[in-house]
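A quick write-up on the structure given underneath.
Chain IDs A, B, C, D, E and F follow the sequence of writing; residue 1 opens each chain.
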Amino acid sequence: MAETWLPTLKTATPQEGFELATKLARIGVKVTQPSAELRDKLRAAYEQDTAQLIASSHVIATHFQTVAAANNYWRD
Amino acid sequence: MAETWLPTLKTATPQEGFELATKLARIGVKVTQPSAELRDKLRAAYEQDTAQLIASSHVIATHFQTVAAANNYWRD
Amino acid sequence: MAETWLPTLKTATPQEGFELATKLARIGVKVTQPSAELRDKLRAAYEQDTAQLIASSHVIATHFQTVAAANNYWRD
Amino acid sequence: MAETWLPTLKTATPQEGFELATKLARIGVKVTQPSAELRDKLRAAYEQDTAQLIASSHVIATHFQTVAAANNYWRD
Amino acid sequence: MAETWLPTLKTATPQEGFELATKLARIGVKVTQPSAELRDKLRAAYEQDTAQLIASSHVIATHFQTVAAANNYWRD
Amino acid sequence: MAETWLPTLKTATPQEGFELATKLARIGVKVTQPSAELRDKLRAAYEQDTAQLIASSHVIATHFQTVAAANNYWRD
């Protein structure tokens, strides 16, 4: 991953911050399983496994804490 | 998800903050499994699986930390 | 849930804060499984499943972080 | 639990703070499974289940974050 | 591990911070299972287990919170 | 555990902080399963279970947040 994919944690709105958190959660999977082909195959399974959907949502929530703090909760 | 569904993290009361945290937890599932039809089918299963209910409650708790901090814990 | 059940995160003591955290963890389950009858039936099972008891304790711990911060750790 | 079991989050040392975190993790189980007899019976099982031992350690870690912050990390 | 592998939490960019978080998550496995040979063998299994990929992503997210805070969210 | 094993959260470097976090994660297991003999026997099993290795890494990450904050992220 030589290209720049995370230049900043700043986003214009909370919603864009949530989208960034989702991206970070996915990158966290990608660094462990770099094969896009294999991830696509695996995705078919976990998309129908609610325990894993909830676990994914938890990872997003953890990243959203970071992104929200980085943006001072979009208070300004 | 082109529409705006998260304009702000501010809520009038802690209770509304908890409701927002619940919404964020659900959106976190939705971004991974976008099919409403499939989510409804899956919901029937996990609503009776206490381990998954507790895990869902954990995701809400994580988001509630963020929302509460964003609102300065509704101290003002 | 039209009634007010969370007017404030302030509590008089750490112990009352812990009780509030416990309540929030339970509400987090309730919003996903609103049927009291079904929750009572499910409760019989997970009360004897230590993995789920530990997971419940984890959710309480997460909410207790929020409640403790909201009360400035009852330092004042 | 009418008696006072958590008058303060202040402890003299980090080690006592860790002990308090351990106590909070156990109370978190106790509020869901109040029967001491049943908890003792269940304990025999999970004490030999490493996944549950690790999960217990995680709950302690979460509470230790709270207790450490409450004590300003015992820096003073 | 006598050599220095973590001289600082400072990184130039958020992306490098994410890479450091990934490294910390891996070191966390390494301290429990020091055998590189065995870890390689085990890796073959968990790389195709989505639940474990998501759990790994969660650990990275937790470390990323720490690294991001250490860098003041790269705001400066 | 009458002896002092945690006099301070201060460490000279981030790396020593990570080692302290690892120690805290292990103590968290030890307080629940005090038998060293039994822990050694159990260790043989979980050292080859990647899900448990990842879970251990997560506990370390949680403690590392605390230790890093206590050391002001070794910024000084």
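Following the convention adopted for this analysis, contacts are C-beta pairs under 8 Å (C-beta built on N, C-alpha and C of every residue); 3 or more make two chains touch, one makes a residue touch a chain.
These numbers come from a predicted model, not from an experiment.
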Requested in this report: Please name the chain that ends up farthest from subunit E once chain centres are defined by their CA atoms averaged.
Outcome: C
Query raised in the report: Taking mean CA positions as centres, which chain lies farthest from subunit B?
Result: F
Requested in this report: With chain centres taken as the means of their Cα atoms, state the distance from subunit A to subunit C in Å.
Outcome: 27
Requested in this report: Find the geometric centre of each of subunit C and subunit E from their Cα atoms only, then give the gap between the two centres in Å, rounded to an integer.
Outcome: 31
**Report entry** Residues within subunit A bordering two or more other chains
**Finding:** 46, 51, 55-56, 58, 62, 65, 69
Report summary line: Ring, read from subunit A with subunit B next in line, is A, B, C, D, F, E
Query - Residues on subunit D engaged by subunit C in the complex (per definition of touch) - result: 4-9, 24-29, 31-33, 38, 42-43, 45-46, 49, 51-52, 55-56, 58-59, 62-63, 65-66, 69-70
Requested in this report: Mind listing the subunit A positions that touch subunit B in their complex?
Outcome: 13-15, 18, 22, 46-48, 50-51, 53-58, 60-62, 64-65, 68-69, 73-75
